[in-house]
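To start, the structure itself, in structure tokens.
Chain naming follows the written order as A, B, C and D, and within any one chain the residues start at number 1.
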Amino acid sequence: MTELERLAAHLQQFAEARDWEQFHTPKNLAMALAGEVGELVAEFQWLTAEESSAPDPPTLARISAELGDVTNYLVRLADVLGVDLVQAAEAKLASSERRYPPDLYRGSARKAPPDPHP
Amino acid sequence: MTELERLAAHLQQFAEARDWEQFHTPKNLAMALAGEVGELVAEFQWLTAEESSAPDPPTLARISAELGDVTNYLVRLADVLGVDLVQAAEAKLASSERRYPPDLYRGSARKAPPDPHP
Amino acid sequence: MTELERLAAHLQQFAEARDWEQFHTPKNLAMALAGEVGELVAEFQWLTAEESSAPDPPTLARISAELGDVTNYLVRLADVLGVDLVQAAEAKLASSERRYPPDLYRGSARKAPPDPHP
Amino acid sequence: MTELERLAAHLQQFAEARDWEQFHTPKNLAMALAGEVGELVAEFQWLTAEESSAPDPPTLARISAELGDVTNYLVRLADVLGVDLVQAAEAKLASSERRYPPDLYRGSARKAPPDPHP
């Protein structure tokens, strides 16, 4: 069992114990995920690029908590849909590797590549 | 090495090969994550709750691809900040378990719990 | 002077009086807008479609406050970029009218139109 | 009739002509708004603060189109809920004026004010 499978099982137990599975439709979970990502983005909104790279400890603690919320909803959403997140992520990364050959998209050659997907 | 650590290393190599690390500040990555979550939410916007629970194959394929994009930016963001996503997620889940005792927040008792965080 | 021009001027005075114009780059304002939209979405996340159409007074008051926040950041963002929001909106609506001929996209004929942009 | 009232009426006619009012619940419209804001944020994600303040013409055209989409869904959402956007925005701005006295929150005094809401 991977760490994400363990987390998904834990989230499932949490919902079941409160009879909250009825609220956990993919539609609702996608909204909850968007809400948490909004809170995460808000942590960075007034920081400069440099400040965002070295947040002070209280800011980092808040960011970490928001990352935890985002992860929980993302893992729960994927679980109710039966999607393997790491497999989906690796598939997209492989596609980006083909779409953006290093030679053509090197940062020094093109300041702002059209869509630098990881 | 966990599966998320492997994915983080893969994403790091991808960025390095293209000299894109300069663009991958936490601020920029948080924005990219928000953009991808917007695309994910858009997949569900006109679906009923029931439809969202049983998407047809082409819709599920698009959702899966968006989940992959979201995962990639989330893992990359956590990596550049040095945050362990699963640890952050479990910490928030433990806090939600204390905050929402099952007896008080059972779904049948209270239709719309104030904030059914997983 | 239209009502949006008056609001934009008021927001400009607000920022100027606090020397906050330095923070109000389009990039930062777009993030602030995303953060507020996240809060707005969160108000609807556990509601059914029906409940969302008839929110109780305290919920409607919170939604209205979030709509105010979203409007403020949207108007401020458009103002610093020199974009006329209503003109941009009407241009997109005209384009949607051409793209979705009523006869082909009537709701009864096609339950989930591919992209029912207003 | 204000310009926003005219736009709201136009959006209502657009939906009615296509029998799309059935899809336009506040819940769905909030999701559509979040999706469009995601597209708007994506336009800024790899730009520096300076670049975002002076986008080149094709970038500004794309941003303007996204601002139009965001405005349309925001105005439509407020209309189906019966909320006056400008009134809601002015109410929040008045509250921010009280919450952030200029003397205490001057930008030069405090680099990153806790929450520089407009």
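Keep in mind that, in the parts below, a contact is a pair of C-beta atoms (placed from the backbone, for glycine too) under 8 Å apart; a residue touches a chain by one contact, two chains touch by 3 or more.
Worth saying up front: this structure is predicted, and the values here are computed from it rather than measured.
Because chain B and chain C carry the same sequence, their contact can be compared by residue number, and over half of the numbers here are used by both.
More C-beta pairs in contact connect the chains of A-B than those of the other pair, out of A-B and A-C.
Look at where the CA atoms of chain A average out and do the same for chain C: the two points lie 24 Å apart. Our note on geometry: chain A versus chain B, Cα centroid distance of 3 Å, whole angstroms. Touching of two or more other chains is recorded for residues 23, 27-28, 30-31, 34, 37-38, 41, 44, 46-49, 113, 116 of chain A.
If you check the complex, the residues on chain D that touch chain C are 2-4, 7, 10-11, 14-15, 17-28, 30-31, 33-34, 37-38, 40-41, 43-44, 47-50, 52-53, 55, 60, 63-65, 67-78, 80-81, 83, 85-86, 88-93, 96-97, 100, 102, 105-108, 113, 116-118. Those residues of chain C whose C-beta lies close enough to touch chain B in the complex are 27, 30-31, 34, 41, 46-49, 51, 112-113, 116. Those residues of chain D lying in contact with chain B across their complex are 23, 28, 31-32, 34-39, 41-42, 44-46.
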